[in-house]
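Okay, so chain A shows up in both of these, paired with chain B first and chain C after.
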Partner chain A sequence: MNEKKAMQAARRRSLTFTLVRGAAAIGIALLVAAVLIFVSADGDRLAHTGEALRQLLIGPLFRSNGSINVKNICDVLAAMIPTIFTGLATCVMFSANQFNLGAEGGIMLGAFVSALFAVYVPLPAGVLPVVAVLAAAAAVSVMMLIPAVLKAKLGVSEMVNSLMLNYVVMYLIKYLLNTHLADKTKGQIQSYPFQEQARIAPLIDNGSMLTWGFVIALIFVVLTSLFMYRTRWGYGIRMIGINQDFARYSGMNVAAIVILSQVLGGALAGIGGGVEMLGRYSAYSWNALPGYGWTGITVAILAGNNPAFVPLAAFFMAYLNKGCLLMSTYCGVPSQLIDILQAVIFVFFAAKQFLAKYRQRLVVKGAQEELAAQKAAAAEAAAETAEGSVK
Partner chain B sequence: MLQLIFNTDFFFSILRITAPILFATLGAVVGEKAGVSNIGLEGTMMVSALFGSLTTYWSGSWAVGLVVALFCGVLVSLLMGFFAFNLKTDIILTGIAVNMIGSGGTLFLVKVITQQTEGKALASTTSLITAAHQIPSWNIPLIKDIPILGPILSGHCILTYVAFLLVFLTWVLLYRTPLGLNIRSVGENPNAASSVGVSVLKIKYIAIGFSGLMAGFGGAFMSMYYSMGWSLDMVAGRGFIALAAQAMGAGEPVGSMLSALVFGFAQAFSIKVSSKGIDSNLVTPIPYLVTILGLVAFALVLRHRVKKQHSASALEKTAK
Partner chain C sequence: MAEEYVVQMKGITKVYPNGIAANQDVDFNVRKGEIHALMGENGAGKSTLMKMLFGLEQPTSGEIWVNGEKVNLSSPAVAISKGIGMVHQHFMLVPSLTVAENMVLGMVPKKSGLFIDQKKAVEITEEYSRKFNLEVDPNAKVMDIPVGMKQKVEILKALVRGAKILILDEPTAVLTTQETTELFRELVNLKNQGYTLIFISHKLNEIMEITDRMTILRGGKSMGVHETKDVTAEEISRLMVGRDVVLKVQKDKAQPGDEVLRVRDLEYVNEWGKKMLDKVSFSLRRGEILGIAGVEGNGQKELVDMLFHLNVPNAGTATVNGENILGVSQRKIREKGVSLVPEDRMLYGIAGAASIQENMIADRCGSKRLNKGPMFDMKSIHAEVDQLIQDYTVLCKSGSQRVDNLSGGNIQKVVVAREFSNNPCLIIADQPTRGIDVGATEFIRKKLVELSRAGVAVLLVSADLNEVMELSDSLMVMCGGRIAAYFEDTSELSDEVMGEYMLGLKRQTPEEVRRVCHE
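Showing the complex of A and B:
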C-alpha cells in the first residue's frame, strides 16, 4: 500500500520534471527566437517583435479578427503526415541505438517509387494506392538493408553510410526524372500526372491537403507502439538499444535485430513518402531532399523515442513551422528561423544534465516527504500499540 | 578520352578539391582520437564559410575573414562541447543540431544580414565576394618550373598548402607532444587518463575545439576560394565525407589524408566527366558511392587482418 503510493509519487515527480524541462527548453528556444527577430527587425523593433511572436505562437490558430482559422489548423495537421512517419522510423532505429539518418533519403525514395506506380501501373481504384505505398515501403526497406547489413556484418558506421545513401538516392532520382520520366510539356521538371484513382482522398475538402493519410499515419502510430512494446521483436530492439552486450549474452541475435530495426525504419519512411506524395501532389516534382527526415529526428527526440508521443511532437513541430511561415509572410522574418528553433529545442531536450539540479531537488524533497510520512505512520502505529497495551 | 581527363589540370584539381575535405578530416581525426565523434563538422563549415565571406566583404581583407571563420569554427565546436560534455546531450544529436543550424540557420542569417527577402529564394553572398577578396594563390619558386609536377603542385591557394602541412603538424601533435599523448589516452580509456590526473573534460574541449578550427579552415576555403561566396548547401556533405575518410584512414593523420585524396579524386573525376557531357546527376553521386565502397573495403581488410592475427596466435599456441 505504502509502496504503491511511493511509486505513484515518484511517477508524478518524474512527470512534473519532464513537463518543466520541456517547457524550459521551449521557453529558451522562444527567447532565442525573440532575440533574433528583435535584432533583424527594422523600425519600431519592440512592436515588430511582438507582432512576429504573436504570428508564431497563435497565428496558426486564429485569424487577425480573433475567429478560429480552420484552414490553418488543417494545414498544420496535414503537415504532420510525413513527419509522423519519419518520426516513427527514427524512433524505431534510435531505440535500437542505430543512428541511421537515412529517413531523409528514404522518404524521397518512397515518394518517388509510389509516384512511378501512380503514373504507370494500371490498377483499379482502391488497389493502386495500397500497392504503390507498399512498393515504396519495400523499396526503402531494401535501401536501408545496405547500411543495416554493413553495420551488422562488418561494423561499418550506419550513420555515415546512410548519409551518403541520401545523396546517392537524391541524384539518381533527379537523373531518372530529368532524362526518362519528365513530362516535357510542363515548364518545370516533373513527372506525368498521376492516374486519378491513385490519389489518396482528402479528409476535409478545404484545400488544406488534410487527407486520409492523416488517419493512416495515426494507425501506424498505434501499430508501431504495439510492435515496440507488445512483441518480442520490439522488446529485442529496445533491449539492444539499452545494452547490446547484455542482449547478446542473454542469447538474442543482435545482428538480426540491428538489421530488423533499420529495415523497419526504412519501411515506415517509405510508407510516409508514398502517403505524402499520393495525398498532396498530382505529379512528382521533388528535386531535392525534402527535410522531413531531419524533422523526424527532432520529433523522435521530443517524443523520447516512444512512438505513442510521436503525433504530439509532430504536431508541435508542424505548428511551429506554420507559425514561422506566417511570420515570414506577414512580418518579413525569414522562415528558416524554424531550423534554429528546432536545433535549440532539440539540444536542450536531449540534454541529460539540463536542469539536473532541479530534478535532484525534486527527488530530495520527495524522499524527505516519504521519510516524514513513514515516521508519522510509525508514530501512529506505536501510539496504537501503546493504546492497546493500556487496554 | 582518357587523355582529356587525366592531364595536369586534373591532378591540380584533385589537390584543390581534397583540401577542404582534408581539413575536416583532420578535425575528425583529432576529435575521434579523444573519443569525440564530431558529426557537426558539416554545419560548422557552413557557419564558418558564411561569416568568413561576410567579414571578408566588410573588411575587404581575406585575412580578417579567415580569422573570423576560424573563430566561428572554434566557437561553434566549443558550444557543441558545452552541450555534449556539460549538459550530457548525446554528441551525435548535438552534431545533428549543429548541422540543422548549418543548413537552415545560416540561410536565415544571410537573409537577415544582407536584407535579401523571401522573394529571392536563393539568398547567398556570392555577389559580395570578388576575385580581389579571394584567398591568394602561391606559385612556388623553382617547383613551378618543373614540367608536369610544376603545374600540379604549384599555384594552389595558400590554404591548400596549409591543409597538407597540417597533416604533418597533426601527426606531430598527436604523437610527439604531451598534449597528444593526453588526447590519445582520453580517447583510449578516459578512466585511466583521469586516474593519473589528466582532466578528461579539458582534453575533450581541446579536441573538439581543434576539430572546429579545422572546420573553420575548411569553411573559409569553401566560401573564400573554392566557390567565392556562401550559398545554400555549398559544403554538400564534405563534413560527412570527412568522417568516412577518418574511418577509412583508421583514424591516423596520414592514412586519413590518403583516403581524403581518394574522395578528392572521385569528385574531380565526376566534375571532369560531367564537363564532357555526361549527365551530372549520374556522376555527382560518385564520391558518395566511393565513400560507401571505401568503408566496406576498409572493414573487410580490417576483418581479414584480425582473423589472420587470430589464426597466427592460435597456431603459436598449438606449437607450444
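Showing the complex of A and C:
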C-alpha cells in the first residue's frame, strides 16, 4: 500500500515538474514576444502590445465581444490532423533511435498517391477513400524502405538519406504533375478534380475543414499507443531505441526492427497525407513540401516520443499558429515573429537542464518525506511492540 | 580533539536527482597518518561519500573539514589543492601517452614556453617513483603496461599533485594476489611517510590485514567507527549486511553428465593484430561448473564474446548439444538454451531507461504465454515479473520502476533473474558478481550452484579468485590467450599455485591441458 502511495507521489512530482516547466517555457517566450512587439510597434505601444498578446493567447477561443469563436476553434482542431499523423510517425521512428526526417516527404507522397486514386480510380463511395488512404500508406512505406534498408544493411545514416529523399519525392511529384497529370483548363498547376465519393466528409459544416479525419487521427493515436506499449513489436522498437546492444544480446532482430520502425513511420505519414488531402482539398495542388513533417518532429519531441501526448503537442502547435496568424492579421505584427516565438518555446522545452535545480528540490523534498514516513512507521511499530510487552 | 583529524565530514546527506538518498547524516573522520577503511555493500553510499570528498559531487547538506578548516569542495581541482587525491577503480589514464606524460598531464613542464619538456617529465616521474618506492617505467606507453603498474601510475599521479590524503577506490579489484601483496607493502610504506589513506573495499581479509580503523556504511547510514584490531571479520560482515553472511558456498560434489558445450581450436586475432585466443579447446558437461580464472585481458572476454556471437573467431568450432553456435544470431543461440550473464551489465545486461519489467521480459517477449494474439498479455507479464522480483529478491518499489535507479547489486539480480529463469542448459556467467554487494553476491553464487546441481552446465568466468575457486568444480587458467592449466578438482588448489599460472610463470603440458576435453 505504502509503495503504491510512494509511486503515486513520485508520478505526481514528475507531472508537477513537467507542467511548471512547460508554463515557464511559454511564459519566457511570451515575455520575449512582448518585448519584440513593443519595440516594433508604432503609436501607443503599450496598448498595441496588450492587444497583440490578447490575440495570441485567447484570440483562437473568443471573439472581441467575448463570445466563443467556434469557427476558430474548429480551425485549430482541423490544423491538428496532419501534424498528429506526422507526430505519430516521428514518435515511432525516434523511439527506435532512428532519426528519420522523411515524414515531410512522406506526407506529400501520401497526399499525392491518394489524390491519384481520388481522380482516376472508379470505386464506390465508402470504399474509395479507404483504398486511396491505404495506397498512400503503402507507397510511403515503400519510400521509407530506402533509408531503412540502407541503414540496417549498410549502416548509412538514415537522417541524411531521408532528408534528401524528401526533395527527391517533391521534385518527382512536381514533374509528374506538371508534365502528365495537370488539369490544363485551370489557371494554376493542379490535378483534375477528385471524384465526389473520394472526399472525407466534414465533421461540422461551418467551412472550417474539420473533417472525420480528426476522429481518424485520434483513433490512430490510440492504435499507435497500444502498438508501442502493448505489443512485442512496439516493445522491440522502444528497446532498440534505449539500448541497441542490449536488444541484440537479448535475441531481438535489430535490423528487422530498424526497418519496421521506419516502414511503420512511413505508413503513418502516408495515411496522414491521404486523410489531409481527401478532407481539405478537391484537387491536388501541392507544389512544395507542406511543412507538416517538420512540425511533426517538433510535436514528437514535445510529446517526449510518447504517442499518447501527441494530440496535446499538436494542439499546442496548432493553437500557437492560429494565435500568431490572428496577431499578424489584426495587429500587424510581422509573421516572422511566429518563428521566433516557436523557436524560443522549443529551446526551453528541449533544454534538459532548464529548471533542473527546481526538479532537484522537488525530488529532495519527496525523498525526505518518504524517509520521515518510514521513520514514523518504524516509531509506530516500536511503540506498538512496547505496548505489547507492557501488557 | 578535533585537530587529530585530517578529514572530518559532518552530517553529510546526499540526495541524487533520481530521488535516491545515497547518504543520510553520515559522519566520517580520518586521523592523520592512518589507513582508514570505508566499507559497505554496493549501494551503501561509499562511492558517493568519497566523490563528495574529492569534489566530484556536492553534499545536499552537511559540512566537510580538511586539516581543521571548513572547505567547499566544488570540484576535484579544489580537492586536489587541499591535498586530497583519488585513485579511481577504473583508471583515469590516457592509454596512448607514456607514463611520464600521464604523470604531468595538466601541469606540463615547458621548454622555452612552448614545447613539452619530455626529459623533465621523465625526471619528475623517476624522482617520485624512487621517493615512494613505486616502480614504474616512465617511457612505456600506458596501454602497454600491466594493470598493477597502471595503478602505481595513478597513485604517483595523485602524489605529484601534492596529495597528502589518498582515496583508493577498490584498488585490489583488478590485481593478482602477488600484485596485491606488493600494493599493500607500498601502502604501508606511504603510511609510514605520514600519508593518510582511505581504502574502499569489499574484501574482508584485506581490510583486516592493512587498515587501522574502519567506518562501515549500510543503506547510506554510518554503522559506526571501529578499530580494526578490535573487530573480527564475522562482526564486520554482520555490521555491513545486518546478518551473518556465509562466506563459504555449500555445495555437493558434481555429478558431470553428457557434454553440453564443446569448443575446439578456437582462434581469434584482434583488430590490432594481437592473438587473443590461441587454439582454445575444452568441453563442459551437464551438472558441472567449469571456472575460467586468469588476469583480465588474457582472452576470457574474447572467448565469451565468440560463444555469444558478439564477435566472430578466425578459426575453430563451438557446439552446444552438437549444434553449431558460432556466427549464429543471438536468438538462435538462446533457442538452444544458452544464457549469458554479461560482463558489462550496463551495456548488454539492461536497457537503463526501461522499467524492471521491460528488462526482465527481453528474451521472452515473443513467447506464447506472454502474448494474446498480437497483443501482450499484461496480466501474465505482471505475474511473471512479480514472481521473478520475489524469487530473486530484487529490492524495488514495483516492476514499473526504472532499472537504472536500482543499485548495482539489484541491477545484476534483474539480469540474473532473466538469464536463469528461461530453462537454460548452459549458463555463461561472466564476472557475475563484480562490484556488487555481499548479499547479492552470495545470492547469485548460491543460485549458480543450485542450477548446476539441477543439471545445468555453467561456464564461470571471473577475475575474483575466491569466486572461481569457491564455486567451480573444475578450473581452467587462461594466460596469453591459451589455457595455461586445468585442474580437475579445485578443492585442493592454493592461491599461490593459481597465481603462478595466471601470471605465466608456469604452464602445464599440452597433454595435461588436453584433459579438459574429456575425450
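Keep this in mind: the second predicted complex is superposed on the first by the 390 of 391 C-alpha atoms of A that agree within 3 Å, B and C clash if a C-alpha of one lies under 4 Å from a C-alpha of the other, contacts with A are read in each partner's own complex, and residues count from 1 in each chain.
The definition used in the following text is that a residue touches a chain if its C-beta (ideal position, glycine included) is under 8 Å from a C-beta of that chain, and two chains touch if they have at least 3 such contacts.
Here the structure is a predicted model, which means the values were calculated and not measured.
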Kindly say whether there is room for both chain B and chain C on chain A in the superposition, answering fit or clash.
fit
If we overlay the two complexes on their shared chain A, which of chain B and chain C does A:377 touch? Say first, second, both or neither.
neither
Who wins on chain A residues touched, chain B or chain C?
B
Touch test for A:19: chain B only (first), chain C only (second), both, or neither?
neither
Let me test your reading of the model: by the given contact rule, A:226 touches which partner, first (chain B), second (chain C), both or neither?
second
Examine A:239 and indicate which partner it touches, taking first as chain B and second as chain C; both and neither are also allowed.
second
With both complexes overlaid on chain A, does A:359 touch chain B (first), chain C (second), both or neither?
second
Give one of first, second, both or neither to describe whether A:130 is in contact with chain B, with chain C, with both, or with none.
neither
Let me test your reading of the model: by the given contact rule, A:252 touches which partner, first (chain B), second (chain C), both or neither?
second
Considering only the touch criterion stated at the top, classify A:168 as touching first (chain B), second (chain C), both, or neither.
first
Can you report the least C-alpha distance between chain B and chain C in the superposed arrangement, rounded to whole Å?
5
Which residues of chain A touch chain B in their complex?
36, 39-40, 99, 101, 146, 150, 154-157, 159-161, 163-165, 167-168, 170-172, 174-175, 178-179, 294, 297, 301, 328, 332, 334-340, 342-344, 346-348, 350-354
Can you list the residues on chain B that touch chain A in the complex?
39, 83, 86-90, 92-94, 96-101, 103-105, 107-108, 111-112, 117-118, 237, 240-241, 243-244, 247, 279, 281-282, 284-285, 288-289, 291-292, 295-296, 299-300, 303
In their shared complex, at which residues does chain A touch chain C?
3-4, 6-7, 10, 226, 230-232, 235-236, 238-239, 242-243, 245-253, 356, 359-360, 363-364, 366-368, 371
Chain C to chain A touching residues, read off their complex:
15-21, 24, 60, 308, 310, 329-331, 333-335, 340, 342, 347-354, 358, 361-363, 365-366, 371, 374-376, 378, 397-398, 400-401
